[in-house]
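Both complexes shown next keep subunit A, but they swap its partner, so subunit B is in the first and subunit C is in the second.
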Partner chain A sequence: MIDTPKVDWFALGPTLALLGASGVALLASVLVPAWMRKGVAAGLAFLGFALAAILGGAVFAETASPETTIAGSMVQDRLGAFAQVVVGAIGAIVVLVSWAEPRRSHRGEYYALLAAAGAGMVFFVTASNLMTLFLGLEWFSLCLYVLVAYDTHRARSLEAGLKYLIVGGFGSAILLFGSALVYGATGELGFAEIAAAGAGSDPFLVAGLAMVLGGLAFKVSAAPFHMWTPDVYQGSPSSVTSFMSAATKVAAMLVLLRVLTTAFPEEREIWTVAVAVLAAVSLVWGNLAAFAQRDVKRLLAFSSVSHAGFMLVAVAAGTEAGAEALLYYLVPYAAMSVGAFAVVAARERELGRDVSLEDLAGLGWERPLLGLSLWVFMLGFAGFPLTGGMFGKLFVFTAAYEAGDWWLVVLGVLATAVSIAYYLNVVRWLYMRTGADLGVALAGGSPPRDAALEVAVALTVLVTVGSFFAAQPILDAAADAARSLPF
Partner chain B sequence: MSGPGVGWYLILSAVVFGTGALGVMLRRSPLIVLLSLELMLNAANLALIAFARQQGDLDGQVFALAVMAVAAAEVAIGLGLIVALARRDLPLDVDQASALKG
Partner chain C sequence: MGDVLVWLIWFLAAGGLLASGAAVVSVSNPFYSALALIANLASLAVLYLLLSAEFLAAAQVLVYAGSVMVMFLFVVAYLGGRADAPWAGGPPLLRTAALVAAIALLVEVVVVLGLAWGDNLSDPAEISAAFGSPGAIGELFLTDHLLAFEITSIVLLVAAVGGVILGTTPRRRGENEHRREA
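For the complex of A and B:
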């Protein structure tokens, strides 16, 4: 007779809220009359994400010290709850961004999939053994593969979906094989138990650690495991890109941090070096490749690779200050990323094709709100003051310096200086030319203002700028969350 | 424990994993690539089950069962995408998916 494990419904709340929203939205997109399917499904997804964020906040408030539930397969702690709040907020904003996406069929199912992907992510961030880690990863990845290929009338969307499936599946398989090796070396699947088994420098354990790290590096799109990123970001519907670039990165980065610190504390010397190398390669490659891009979504994709580099600098510190810096960094980064892709989505809908830098010409004059917002996001990505991006970089560099990674600080500052050039180039296109000069023709004239998208962009600007002025509360929350990791 | 030692299972699993990884990287037909992905996942399953036998606990076997379900879901999505590509007469060749340049 096997004992029934204790199920902590409170800790599962955010996941269940989104899973419920997804299920009901899926039913609604079949059963509800056709004209209101999109509205009902979008409303349900929005409620699900908002509820997940609120429940995540409740878990954050209630959980002083981490505790594992459901037979040690998931952990209820502030780190996971922090990520749940961020992912919930991202999802709710992405629902607004997606609202006016021109789509002829299956408009309800889109939101059901989005909520299911969100459910996978908020589950993934609470994983505390290798099995829930893998299942959570696949849960949201499978939803994202379908979402990326959702615009079946565009060849690029389908190709991007297949490419993401192949590369993502490859990364998951590596992660899985690594998990098997770690299991072989220690006989345990739980993170804390793996650390307690003290297998030392068992070759299986080290190889397994390397493969787990490699598999997660695919998901956070760190170079050299980023090769899918530009194609998939460009090919998928822009609203999906905005969700992926922000939410996947938040979830995968936090889980990477959690696995390394809770399951492999003994091997810190090994993984800090490995992560530092990944960070350096991402910083160099992401920034250099971004220069060569004409397509705005590809440019933002390489920018996201370079930001993965900055986040990994914080992970490589291997200290509590590093974890705090990473958690703070994720908040403005997520807001800027969702917002920037939302502006690109708006332009894409106006023009009816992929947006190159030339296509941005005059957007700053034609749509002052969107132009100004994109300006703010670019400055934020580059780390200018008055945006949270500045403090994010500052905290990351401080943590890296304190941990003795001064060469990463030098590299990071150089990368920041270089990145200013291509971020400001985007701003130059927004304002220095007008669309009429270049003959940028609007497909079917200027579509009506998209109120939902503008609200979403305004919210992300608010967070981007707000995380500068209200840095302290976010930093306090990040510090609380970082304390649930064993350093 | 009777039968071959865990080392043999691991060697087999590493060979199958390597075959799958090479298949994903070298083959051009998306069908073969999906098949190779399955090989990789199942090689990991074999390693999990071998280790579970060695340790004498069930965790690894439960993991392997869950992985099988996930693998089936992944293939279902992959085949669906391939059907959608084929319906639009797009080339079924991973290298020729050239609208997107890697």
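For the complex of A and C:
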């Protein structure tokens, strides 16, 4: 008689909610009458994401100390639950952003895949051995490869899908190779067991650590592993970009933090330096390259590379304060990122083409809500007060300073100063010129108001500004979550 | 006697592996290339058997030789089995990289042979008789790796759904749309 492990359905709840929503949405997009397929599938995906966030919140409330379940394959802790709440909220907002996206076919299946990608991420953040780590990564990555190439009638979308597939596959292969080396050095798969094996600075273990770090750096799009980011962000449907830029980054950053602190505590001197170098390169490269961009989505892509740099500064601190700062940073960042790409998506739908900086001309006057929101997001990205972006940067720099990484603080402040220029340039285009001056013409007249997208943008503005005024509750939750890591 | 037989099988399998591997990359007709790959995978399966990994050997034959190869052959047939121009060596950078990789491999082989010669490699792993058997692996699927096993099925399902979506999307406006909606 085989002694099967007990399955902890409660810990699996958020994943199962999204997986269920995805499955039913997929069935609905085949079985229900054609005219209501999109509505049913979108509603199911929205419910799935909302339920995942709620169940994640329940796990957060119920779990005082971390425990591994299902034969050590996954961990039930507040760090994972925190990420589940954030990813669930992002997904629900992205469903709203996606609603009015022009799509020629497979309108229902889109939402099924989106929910499946969300399920993968929500599972990924609870992975606690190398096997579930890789499977979780592949799960959401495969969904994203398809979503990126979803607009098959646009060559750029197909190109982005192929690029992401090849580069992402390469990143996954590196992660897998690294995992094999770590397994070879320690004979263990579980993160805690790898740490307990005490392999010290065995060259295979260190090589494996480096490759695992590299593989995850692909996903968080940290330089120099960011090569795919601008092309993929530009080519994919804007709603998918908004999902990727926020949710993938949240999930991959948290898993990076979890793997480094739980599996490699003995090698802290090695990986803090490696992560600090990644952070520095991302800050420099992301900010300098963002200057040269004319396309708004590419600009935001490089801005997301630079923000990966800021987040890695917090990881490089290697302390509990650093983990708290990272968790706090992710909340306003995710909101601003989804919101900014949503505004770009709205302009894209109006003009029927890729949006360059010139195409933003006059948006601030024509659509006051969207213009004002984009203004808020840009100020938030740059770290101005009255947005959560300010506290995010403040906490990250404080953590880095306390850990002795003063050079990263200097670099971060310089990068912030530089970034103000291109963020404000976007605002300048919004208000200083009118579209009529430049002959920016709407495609086929002004489209009807997109209420779903406007609600989504308003929600993200609310979070961006709210995380400034309600910083303490978020920080408390972040502190609770960070305590589930062994520092 | 048993030892001699094992060595004989090892040599046959290893020789077959090398020969078929060389054939895969040197034959100009992609159809023959794919067929040589089958021989390659089968020889590898024999080596797995010698390492007492019966399950891996069976899975190798079933999954690779059985289904993946059929897919390769489908693609070859779909694209028309036209012979490519023989490989001329590629750009200089590629040739340099190939040379470096070949030298690295040679060094590796020399090191391993050296270690074996000096008897520094005789550190046999202690494994139980059931190691790598279908039963032992099946038990792992239901115990230690239950969740990973289930997640694998989801990953495959997601990939299949994605493939179908991308594959059935009409390229031109209107085409297929009515058939699908009907």
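Here is the rule we go by: the second predicted complex is superposed on the first by the 485 of 487 C-alpha atoms of A that agree within 3 Å, B and C clash if a C-alpha of one lies under 4 Å from a C-alpha of the other, contacts with A are read in each partner's own complex, and residues count from 1 in each chain.
One rule holds for everything that comes next: contacts are C-beta pairs under 8 Å (C-beta built on N, C-alpha and C of every residue); 3 or more make two chains touch, one makes a residue touch a chain.
This one's a predicted model, so the numbers in the text were calculated from it and none came from an experiment.
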item: Partners on subunit A (subunit B, subunit C) - clash or fit; value: fit
item: Touching partner for A:26 - first (subunit B), second (subunit C), both, neither; value: second
item: Touched partner set for A:166, first subunit B, second subunit C, both or neither; value: first
item: Subunit B versus subunit C as contact partner of A:99, first or second or both or neither; value: neither
item: Apex subunit A: angle to the C-alpha centres of subunit B and subunit C, given in degrees as a multiple of 10; value: 10
item: Touched partner set for A:310, first subunit B, second subunit C, both or neither; value: neither
item: Partner chain(s) touched by A:70 [first = subunit B, second = subunit C, both, neither]; value: second
item: First (subunit B), second (subunit C), both or neither touched by A:135; value: both
item: Touched partner set for A:123, first subunit B, second subunit C, both or neither; value: second
item: Which superposed partner A:187 touches (first subunit B, second subunit C, both, neither); value: first
item: Touched partner set for A:145, first subunit B, second subunit C, both or neither; value: both
item: Shortest span in Å between Cα atoms of subunit B and of subunit C, once chain A is used as the common reference; value: 5
item: Overlap of subunit C and subunit B interfaces on subunit A (superposed complexes); value: 131, 135, 138, 142, 145-146, 149, 152, 161
item: Of all residues in subunit C, those that touch subunit A in their complex; value: 139, 142-148, 151-152, 154-155, 158-159, 161-163, 165-166, 168-173, 176-177, 180-181
item: Interface residues, subunit A side, partner subunit C - complex; value: 2-5, 7, 19, 26, 34, 70-74, 104-106, 109, 112-113, 116, 120, 123, 129, 131-132, 135-136, 138-139, 142-143, 145-146, 149-150, 152-153, 161
item: Residue numbers on subunit B that touch subunit A, as the complex places them; value: 6, 10, 13, 17, 20-21, 24, 30, 33-34, 37, 40-41, 43-44, 47-48, 50-52, 54-55, 57, 59-60, 62-63, 66-67, 70, 73-74, 77-78, 81-82, 84-85, 88, 90, 94, 97, 99-102
item: Touching residues on subunit A, where the partner in the complex is subunit B; value: 130-131, 134-135, 138, 142, 145-146, 149, 152, 155-156, 158-163, 165-166, 169-170, 172-174, 176-177, 179-181, 183-184, 187-189, 227, 230-231, 234-235
